[in-house]
Amino acid sequence: MAVKHIVESQQFTLPRIMELFERTELMKKIVARGGTRDYDNKIMATLFYKPSTRTRFSFESAMYRLGGKVLSTEQATEFSSEIKGESIEDTIQIISNYCDAIVIRHHEEGAAKRAAGVSPVPIINAGDGSGGQHPTQALLDLYTIYNECKTLDGLSVAFIGALDQGRTVRSLAYLLSKFDRIKLYFIAPDEMQIKPDILEHLDEKGVSYQLANSTEGILERVDVCYQTRIDKDRLNNANFDLSPFNIDTNVLKRMKFDSIIMHPLPRSVEISPAVDSDPRAAYFRQAHNGLYVRMALLSMVFDA
Amino acid sequence: MAVKHIVESQQFTLPRIMELFERTELMKKIVARGGTRDYDNKIMATLFYKPSTRTRFSFESAMYRLGGKVLSTEQATEFSSEIKGESIEDTIQIISNYCDAIVIRHHEEGAAKRAAGVSPVPIINAGDGSGGQHPTQALLDLYTIYNECKTLDGLSVAFIGALDQGRTVRSLAYLLSKFDRIKLYFIAPDEMQIKPDILEHLDEKGVSYQLANSTEGILERVDVCYQTRIDKDRLNNANFDLSPFNIDTNVLKRMKFDSIIMHPLPRSVEISPAVDSDPRAAYFRQAHNGLYVRMALLSMVFDA
Amino acid sequence: MAVKHIVESQQFTLPRIMELFERTELMKKIVARGGTRDYDNKIMATLFYKPSTRTRFSFESAMYRLGGKVLSTEQATEFSSEIKGESIEDTIQIISNYCDAIVIRHHEEGAAKRAAGVSPVPIINAGDGSGGQHPTQALLDLYTIYNECKTLDGLSVAFIGALDQGRTVRSLAYLLSKFDRIKLYFIAPDEMQIKPDILEHLDEKGVSYQLANSTEGILERVDVCYQTRIDKDRLNNANFDLSPFNIDTNVLKRMKFDSIIMHPLPRSVEISPAVDSDPRAAYFRQAHNGLYVRMALLSMVFDA
């Protein structure tokens, strides 16, 4: 029943999600009173094969607030000057001697699962492959919705962007399907729509959804708008107009007064900085929640 | 009155400089007895867009001696694998969730000020742009002069090198102008002389100064010789003779017995290693002072 | 008598090796009970001019388990954006202000010795140059043999690989020559055989040895098989068959039931992953010992 590794969103049952949220609330209190030393004999290693300072800092800060210590790689691809391409299994079997948990970000889908297969210490997946998993992001997204909307039942959520490659969107859609009376909207250029496997899962679970290629008529009614970035280079037509997918103060006017806008960040042009000061802009609060949710997840694997 | 951010030398009034020097003396005592744990619930992040191991280690060591924790980037340009060129404002709004102070080094002039404009936690400028500010270097330089010469009034100080681009020279000249009966010498190839804005400031403050393109007749009389590096590639004439600007044991003979030689380091050929063993060579002591001054500055922003 | 710097294997006399092994046993107990805080006012800097995450993490974890703090470089070649090629002496004289010990890995043979020549704090050589020294690796290798075989006297040890460039092999052969009735085998393609200086040393010490270019008839009788990697690009003949130097389950069948296989890692094809599950595969235990031996070495320089 204990959580050994955190590899994919599918591990998280409803009771475990509720346990996570309770721990997250506790972590807020712990940080407010200056952190804890409860885990001061624990060492966490961040093994990042793709640099991501924000995600790395989020985990490392979480570990520090828990009282622990951090072994850090900014760019593990330059892992060794002697050999290129050591197997992830060998690397993990060595690094696990030096720490009590490994947070791994890797360019290959499934890398975290392979790592977990050989590791005597907990593996936490901080993103593997563009089509892979990023469960801690999905969980902090879910917590943010819960914290902002005070419920997860009965919500309407719109996802916007390059949904075919969006691992956070895929994972979050999966997690949301566990809740009652959810309605999902997937808004993307046709060539970047969400893949059928997710839709099949939603059909199985009886979750209502709609595909669209414009925000018109949808953003007016949703509780949550989850915006992501579209890489213009991926579009077949360089003149494709992306502006209907962007959020600016005009789009904001069409949204409900108690809705929220989320984004996994970093953003490019898809949310105007003018939106930041609106109380519905939840993306910086979302990033802040990353600290508490990751503290909660670390405490779960250490306490397991 | 409290110091929130440390962005530019101009923030430091005479009383604040004196407070800093008192705190610096205290920090020497604290280090001598093995450091303190007073700030053990604080996290400092070093966000270095240009690598500088010496400056980064200086800050990180200061934080450790204060009992605190460190989030570190060696090369933040590779900030994210997903997007190039996120705005400094967005980056700071996220990173500030994970720490209690951010030390930033950036290639763009004014980056630290922009960061301070949006940051809920203190920003400390560790150098922004070649023509920008590097206030902690200027303050440790000023402290070194004070500590070596036991006064800051009535001193003669010569600056040597590519003074048009020397942000440490500019900031230090500015700070020295606050003291009485200062005499400054700016020794550089004509095309690299100090820029008029600094001279205008000195005129306003009634500080006496002289421009020169040779050390002859000047180094014989100064209390402080502040040497910097000249990048030979910048000279229009590749055959330009830089040797009159260098310091070796012969030049040393011309200097006063109680004068000092400073350098922000790293050095190239402009100070001969044979000078190192002379008691007037103060540059390694200057680097050491960086630890204490940065501890003092960190304590000032945390106590504010 | 105290150990100030750890620069080369030759420093380690038999009594000192025994002291190291006793401290190593103690460190195992300390880690088992969650580490110590005895060195919590100490800062160790890792100055790695060549990246090696495994060696760096091994030292940093050792320092954390001792209660200390860590200043870290992943790739110190990008030491400064301002100047390329500052002398190692200048760098050390500055960095030593910020820490209590410096662990250095450098591409130039002799770099650690030069660093030790100017450093007021202990220097620990984590590998300098491909033909240079890597004393902490040699010591953990020696400890592993001692720990696995319960003695260092009377052992037969085979070294396999590109022995001309193998600094760990050279250092370990040197250390083994201190013990009684040692028999060494050097198995390599002729063009990569061990260099004469080591053989001369063995002759002087009266150590028995044999050169070979096949494992046939040798692996059957050794207590320790120390495998290393052969870089195929270095062979004059691209069609040279390296398979006789590799270890797979068939080779394993020829080895004694109580022998061990070691490797400094990372490995390429020279040991088949199928060998890993055999109890004689000692290379992951060897990596684990790196933690305890490095803790012991750090405690020796801090206690000196």
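Letters A, B and C name the chains as they come in the text, with residue numbers starting at 1 for each one.
Definition applied: contacts are C-beta pairs under 8 Å (C-beta built on N, C-alpha and C of every residue); 3 or more make two chains touch, one makes a residue touch a chain.
This is a predicted model, so every value here is computed, not measured.
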{"item": "Fitting chain B to chain C on CA atoms, where both chains share a sequence, rotation angle to nearest 5 degrees", "value": "120"}
{"item": "Same-residue or different-residue interface between chain A and chain C, half as cut-off", "value": "different"}
{"item": "Euclidean distance of C-alpha centroids - chain A vs chain C, Å", "value": "40"}
{"item": "Multi-partner residues of chain A (at least 2 other chains)", "value": "72, 74-75"}
{"item": "Residue numbers on chain B that touch chain A, as the complex places them", "value": "41, 43, 45, 47, 69, 71-76, 78-83, 86-87, 89-91, 93-95, 97-99"}
{"item": "Chain C - residues contacting chain A, complex", "value": "34-35, 50-54, 57-58, 60-61, 64-65, 72, 74-75, 229, 265-268, 273, 284, 287-288, 290-291"}
